[in-house]
Amino acid sequence: MLNLNKTIIVKNKKNSKIKLKEPILLVGLPGLGNVGTIVADLLIHQFKAKPLAKLYSNHFPHQVLMLKNGGLRLLNNRFYLIDNFNKKDNLIILTGDTQAITPEGQFDVNLEILNYFKNKLKGKFIFTIGGYTTMQEDLKNPKVFGNVTNTKIIDKFKKYDIVFKESRGAILGSLGLLLVFAKMQKLEGLCLMGETKYPELDPMAVKAIVSVLNKIFNITIDTKDVDKLIKSIDNSNNNIANNISIPPPFLDNKENSQPSYIR
Amino acid sequence: MLNLNKTIIVKNKKNSKIKLKEPILLVGLPGLGNVGTIVADLLIHQFKAKPLAKLYSNHFPHQVLMLKNGGLRLLNNRFYLIDNFNKKDNLIILTGDTQAITPEGQFDVNLEILNYFKNKLKGKFIFTIGGYTTMQEDLKNPKVFGNVTNTKIIDKFKKYDIVFKESRGAILGSLGLLLVFAKMQKLEGLCLMGETKYPELDPMAVKAIVSVLNKIFNITIDTKDVDKLIKSIDNSNNNIANNISIPPPFLDNKENSQPSYIR
Amino acid sequence: MLNLNKTIIVKNKKNSKIKLKEPILLVGLPGLGNVGTIVADLLIHQFKAKPLAKLYSNHFPHQVLMLKNGGLRLLNNRFYLIDNFNKKDNLIILTGDTQAITPEGQFDVNLEILNYFKNKLKGKFIFTIGGYTTMQEDLKNPKVFGNVTNTKIIDKFKKYDIVFKESRGAILGSLGLLLVFAKMQKLEGLCLMGETKYPELDPMAVKAIVSVLNKIFNITIDTKDVDKLIKSIDNSNNNIANNISIPPPFLDNKENSQPSYIR
Amino acid sequence: MLNLNKTIIVKNKKNSKIKLKEPILLVGLPGLGNVGTIVADLLIHQFKAKPLAKLYSNHFPHQVLMLKNGGLRLLNNRFYLIDNFNKKDNLIILTGDTQAITPEGQFDVNLEILNYFKNKLKGKFIFTIGGYTTMQEDLKNPKVFGNVTNTKIIDKFKKYDIVFKESRGAILGSLGLLLVFAKMQKLEGLCLMGETKYPELDPMAVKAIVSVLNKIFNITIDTKDVDKLIKSIDNSNNNIANNISIPPPFLDNKENSQPSYIR
């Protein structure tokens, strides 16, 4: 019987048997502008990612989601596998509905994630995706800011239009914690933050991140649906909240019947 | 000596010896519109339910209730048994004064409830009762929304005027957690939510739920007192809070001297 | 070495050796109107109570008090012994600076208190003292409301001008928790609540309680200083807060250099 | 592998081997006016303190700092060693980005600090540095208030322009907890609090503390940069927050790339 009085990872029986070769982890969890979750959703859909494992925690809010098919499910974080990502890499995606609320919960959940990625999946490198606000009113070409576990790897990533050494202040939750925990265990990683105007949902920041990921991995992520969302925000005289209530088609994950935006 | 530094269930010596045959659990705990607690109270009184066990938890608010008889009692959750419910089923009712406050507390308490129901009482099916707001101003015929642990059982319940697949968003507390935990342990269950206008006390939503329960179990739950409450709300020019201060007679549980509405 | 990562009771070496005969516990901890702490202070001073033990807890606020003598001390709860209380009884007083903040902390601290009183001091009966507001604007003769662990003992106390069966709602913290925990372990107790107008400091409620205690124990508690405080509040055109900043002389515990009112 | 699901101290391999002779601990952690952290920074820079150990805790906020060099680091507390402090003493400085949030976290972290200082470093005396507000509008010559673990040591420190026995009320966090825990383990200590006008950043209070430390240790701490900060605040027509965004040069710790003011 599952002991849910702690943080646990439940593996997908079939897919967790697939052999991986030093996979890369890309983390897109709820946060500023929901940049991370949308980027994760885009990748999961376009590359037909396979479910790998689910993470449950008694540190997540005590909420249950009502699904479109009439079912119910516990808030969770989900690992997916893209084994055909590019010619070189196995990519693991981590996305989810929520993050832990307390410091103790955040430490526990992120240490479990890292333990699973490092010790079970034998991974070495982590990308975390999020938003970063520069408080600019008239933001037309959002930048992508980067921070690293090890300053030696900045040179490797500078060519991909990532702005290093200009971001300041503190990062909350998995976006930062996973990387400092990784560093303490000799893994490396990069935090990519799209410059964010709308705290609720920022498709412009998503496009900026996608453009950087395309260069890093030499792929082409389809952003048609993100473009539609940007247009709908531009045309809207109402506030952004109105647009969020109509999620774009690609965010409507029928297979899992899971809502894409939990706040 | 009782260790109250955790969640514990204290059985009623006499009644916990009664033999049960795959009992059904119906859960009505405090929540939106207090729909669950009122439905539970109605059943407990009409069917002269027998006290089965009490659940105490150090995750419940640190409050003690002053009773009408001059006594005191700790906030708790209470299991009752209706062994003469209908011709077929043994019904267990779970009701109470409060729910745990933190995620960690909610996980702990609901796992204890499920463990007791599954492993001690050998139960298989759980109904949870609550409220659901559709934000409709002019709500005349409140619907009953349903969500299930397993979409295969929707067909079985559709005929009872339950609206499936239309409820959206997140459910808080036992109303949802108990069912997802049940599902993870191969039990099944149904969440019934009366469409709620008044967040404090909504007798119309209660009647809607009662009507569905009557059909499911082929019984007739007496709602005279609920009707009186509806009339008093209709006649009132004051806000709903005034009415709550005068609980209807059936809610005045003399035997236990326990107040029915704790906020 | 003291392990302060939990709730601990540190005994006074000398006084904890005094033989006690089924002592009575009287609890006056911070709460509504600070009725409990003032009553405890009055008794401690008038009867020259001996320090018996200190309770520390990592569930108390992380604060340290600056003392008049230039020292510092941790927030705590304090047990005192009055061995010459009346001809019959050994009285233990429990007072202190604070109560635990979370439900988990309150359960832990109150269970430790009860364990100490029951198992180490071999006590049988607990009085808890607090305030109770009836929301009356023009309160001239505050009543004393009572609630008991066991309704059989109401008759024994009714003659002392205690109002039973009229108090309603929930009691927070030790005032109630200690008594329900006592009841679960076959101890008995009485909660005495002075009708309170001023939530910060209510000397009228204190006098009402003192009058009841005088009758119960057949003693005469000196209330000169409480009378002065009442007069100063009556004469004041400012709000009650001004008066609190000038504690009456008897509250100025030089021996311990501890401030009497911590909020 | 580091277990970060608790409070841990990670020693600097090289410097933690340096032999110490009953070192003194000076603690400057975030708090009122940031007096403690600035004083600690001044000493660390002027005396070229050597890093000794870092303290991490799952009770600290779940935040990660973005560094000027493009790196990232976990919020922490840091021990430094000044072995050439004055002719007599080895000085340990404890400073950091944050303090624990909950009572349970504060007890845990401060007990770890004390355990490390007492049992590993064999220290005997602790100075804690902070701010104290007297609510004076026109504060020209801020005083330094003192509180001690043991009133016998007041005489020893009175000559250094420290005001004893006038500070009242409660101290939050390490500033007080470390000293009461020290006292319980037979260590001694002194809390020095600069009279504070600006809760965010108060360089005047810093200068007052520096002046006292100069006398106690017979040293001369350079305060040029603090003087500049005072002038910039005097000239400013804007509020203090504007000044904080431009930290003075000495606070720009290039070596560690750590921001000095985390709120």
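Each chain carries a letter (A, B, C and D) given by its place in the written order, and its residues are counted from 1.
Keep this in mind: a contact is a pair of C-beta atoms (placed from the backbone, for glycine too) under 8 Å apart; a residue touches a chain by one contact, two chains touch by 3 or more.
All of these numbers come straight from a predicted model, not from anything done at the bench.
Colleague: Shared interface numbers for subunit B and subunit C above half of all numbers used, same, or below, different?
Modeller: different
Colleague: On a C-alpha centroid basis, what's the spacing between subunit A and subunit D, in Å?
Modeller: Computed from C-alpha means, the inter-chain centre distance equals 38 Å.
Colleague: How big is the gap, in whole Å, between where the Cα atoms of subunit B centre and where those of subunit D centre?
Modeller: 53
Colleague: Indicate the residues of subunit A shared as contacts by at least two other chains.
Modeller: Answer for subunit A, listing residues that touch two or more other chains: there are none.
Colleague: Based on the touch definition given at the start, go ahead and assign the chain network to line, ring, star, complete or other.
Modeller: Here the contact pattern is a ring, one closed loop where every chain has two partners.
Colleague: Could you pull out which subunit B residues touch subunit C in their complex?
Modeller: My answer: residues 1-2, 4-5, 58-75, 101, 105, 259, 262.
Colleague: For the complex, give me every residue of subunit C touching subunit B.
Modeller: Listed in rising order, the residues are 100, 102-104, 106-108, 111, 146-151, 154, 164-165, 167-173, 175-177, 179-181, 183-185, 191.
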